[in-house]
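Lettered A, B, C and D in written order, each chain numbered from 1.
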Amino acid sequence: MPLAEICSLNSQFTSQTPRERVRDAIARFERIGVAFSGAEDIMLVDLAVKARKEVCIFTLDTGRLHPETYRFLEKVNTHYGIQIEVLFPEGAAVERLVTEKGLYSFYKDGHTECCQIRKVAPLQRKLVSLDVWMTGQRQDQSSTRKTLAAVELDTQLGEDRPLIKINPLFDQRSQAVWDYIRVMELPYNPLHQQGFVSIGCEPCTRPVLPHQSAREGRWWWEEEAHKECGLHIINTP
Amino acid sequence: MPLAEICSLNSQFTSQTPRERVRDAIARFERIGVAFSGAEDIMLVDLAVKARKEVCIFTLDTGRLHPETYRFLEKVNTHYGIQIEVLFPEGAAVERLVTEKGLYSFYKDGHTECCQIRKVAPLQRKLVSLDVWMTGQRQDQSSTRKTLAAVELDTQLGEDRPLIKINPLFDQRSQAVWDYIRVMELPYNPLHQQGFVSIGCEPCTRPVLPHQSAREGRWWWEEEAHKECGLHIINTP
Amino acid sequence: MPLAEICSLNSQFTSQTPRERVRDAIARFERIGVAFSGAEDIMLVDLAVKARKEVCIFTLDTGRLHPETYRFLEKVNTHYGIQIEVLFPEGAAVERLVTEKGLYSFYKDGHTECCQIRKVAPLQRKLVSLDVWMTGQRQDQSSTRKTLAAVELDTQLGEDRPLIKINPLFDQRSQAVWDYIRVMELPYNPLHQQGFVSIGCEPCTRPVLPHQSAREGRWWWEEEAHKECGLHIINTP
Amino acid sequence: MPLAEICSLNSQFTSQTPRERVRDAIARFERIGVAFSGAEDIMLVDLAVKARKEVCIFTLDTGRLHPETYRFLEKVNTHYGIQIEVLFPEGAAVERLVTEKGLYSFYKDGHTECCQIRKVAPLQRKLVSLDVWMTGQRQDQSSTRKTLAAVELDTQLGEDRPLIKINPLFDQRSQAVWDYIRVMELPYNPLHQQGFVSIGCEPCTRPVLPHQSAREGRWWWEEEAHKECGLHIINTP
């Protein structure tokens, strides 16, 4: 029963390091998967692969990622000798959206509809096979994530099909993540060396100025409060 | 009955201009569609839209196009006030390929498998609704297209389901196409101003040097004779 | 007599804002000039021009700046309706260096020799006409600037030809400078939106990763302690 | 006496290959130099170095070249084990122009004044030490070069100080030059793989579309007839 586990895990994780959280989560749950976005959450991938090389790592190829991100995903495969599971949107749904509204409808009526087809639906098809999923979300990434917990109850598949969502990096500062990436010499998305901080789909991501908040590089035409993709919508009450 | 029509059309088209060919084809066939690749075949789109604005124009979004190409497709929609039909690959097929072989399998075992999933299958799902399709293919594009005819019998849906394939630009030189684009001030893919001549998927396209053949910018790790995507494989005996 | 003035100015500036420092310095000294590097010290230019539009602003065109920086300098001219004085290296000196050692000698034997010819010598030719110069240096820019004062005695023209060097932004954090740039909607060098933080000559500047120190983007093949160009060498004991 | 020599050389060169022309010119004249622009005239450099490794090769660093061109010049040095002589404009002249008229005056009143300071004057300082200079000019490069001869009388230093100017590639087509570069695997300016054909200073050079004339990538805001830099102004009557 998730709720008790979530409370207990949250207590346990509070005093642990990210590495211990990832290790324990992978040891404890069988049907667990790691969501990788192709950005600085490479740190999570690194911790997971080192905990158990065969762990399931998946990514959402929306069909609109930067060429640099595709190359980075492949580089991660090669670097760790793993095979990231790539989830792809349903063809008919994409065709319907872009034929009717064009390839940039999100600039006009918001990113929710496109994210739903290209990210949320493929994710949920994957989550059906899992009990637990891990993400690289952090409290310092945006105002909508400020109170993010280490472990959450995720009911996106329905109240009667609860999932556990674990955010092992929830309390890590961006600085700490980047220190880890550099000291451990992890591969990183080359866009991070071109002014990009937060990285998502190509048309919905842009580089930021020095000291500009990471989230200003995403869905910049929308209100801060709506800048959460459907994946983590549970955070935005 | 296609074969007779094909012979008759081929005769007729020989003495006609591209504009007349497109106009006559659109006037004659009801279930006709124009395949647009997002490159210099914008000339074909221009001729088709001017012949009948409501003509069906479709493009193959493989999920790996250049960001510049997506923006160009949208620009064409806006420029002509049309809505290009976007065909997208089947999610499950893409997922299977890239999860098993990675995102760049074509560099190792050729582009056929990936093209089949991302281009040929979506195209054929579309062709089922058509009797005739038009393309921007030209004889001067590559050695495999040197004897390209104005009109072809296309049996890719089966011998018992013949299609007519029309190539109204078959005898046009690259120079003539570009003269048209510039004189008529058509929109063009900005990649054409960055050294790209032939444009396809991002990982399978590269800019060429001055005087390098257009086809050297495509599938450059493969033999010239195999550099035809499944769409036009009928040309390569 | 500079020393007394320097002490008195330092006291005065401690409790003042950058704007007051610039205003007072420009009001007090006749032969004063502002050194502009084409980077985020645009804040200093903004303060200076608003204090007195005719103030002398000069920049060092080393002959190796980024195209983006040249365009930015021109944009600043247009934005403020001013004419930045551009200092250029002596032809014979550059010819001697690059013909003998090539165009990238600094990668082999350090940036001092090249900086001397392209930056220091032109600067000193200009300083001869001034009593006081202002720069955009800040304490938080590098370890060599940690104890930077608001006002310094500058003896680079000789002990008997002392200059006053004023750093009105000495105590400003990078964050504050960028807040000013954005709130006041100043023009900025587009390289700042491509991952560049500190900006100098093209071959000696590179973009940095998130949270990487600004100075790691400059002369990265040299020791931190030597990463000061001759202009401000007085800071590095 | 130049004129006789010029006639005789022109006759001789007519039936020779570029390689023979370069070889004979270098063998015949002691005070001869090769002007290298950092573009596809790398073919001329190749022929010259192979004829006599110690031949004088010089280039005009205007202070506004593309970063890619500087890197290419260095690559040529390394590739051939030579030391290209780099000519640089006189500091005071550049300072005067750009301080008074800004960094882009050529867009307003033409490229002549800037070319004079950054190209012609440094060239002429060099030519004083030569009797003969070779260039990579070709008839097919622009309408102003259509009747270019293999050998010309160059009186830019004065009627009483005639120079011989040799253009060993005068009759070569762009295609032939590029075939040579590719077959011989010469290093080339990477801008040539980004849509640039003719390459000069950064602000005065732009990439062209397929089949656009090379010269449309240079000084595009000016009339074709004036698109000759002072170096070769003798061609434009």
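Methods note: contacts are C-beta pairs under 8 Å (C-beta built on N, C-alpha and C of every residue); 3 or more make two chains touch, one makes a residue touch a chain.
The model shown is predicted, which means the values in this text are computed figures rather than measured ones.
Peer 1: Among the chains, which one keeps its Cα centre farthest from the Cα centre of chain D?
Peer 2: Most remote chain from chain D, centroid-wise, comes out as A.
Peer 1: Where the centres are mean C-alpha positions, what is the separation of chain C from chain D, in Å?
Peer 2: The computed centroid separation for chain C versus chain D comes out at 36 Å.
Peer 1: Using the average of all C-alpha atoms in each chain as its centre, how far is it in Å between chain B and chain C?
Peer 2: Here the centre of chain C sits 54 Å away from the centre of chain B.
Peer 1: Any idea how many Å lie between the Cα centroids of chain A and chain D?
Peer 2: Between these chains, centre-to-centre, one finds 54 Å.
Peer 1: Touching two or more other chains, which residues of chain A qualify?
Peer 2: Within chain A, no residue touches at least two other chains.
Peer 1: Judged by the touch rule stated earlier, which pairs of chains are there in contact?
Peer 2: So the chains that touch one another pair up as A-B, A-C, B-D, C-D.
Peer 1: Tell me, which parts of chain B touch chain A in their complex?
Peer 2: 61, 63-64, 66-67, 70, 73-74, 77, 83-92, 94-95, 98-100, 102-104, 122, 202-203
Peer 1: Give every residue of chain A touching chain C within the complex, in rising order.
Peer 2: Residues of chain A touching chain C: 40, 174-175, 178-179, 181-182, 188, 192-197, 207-212.
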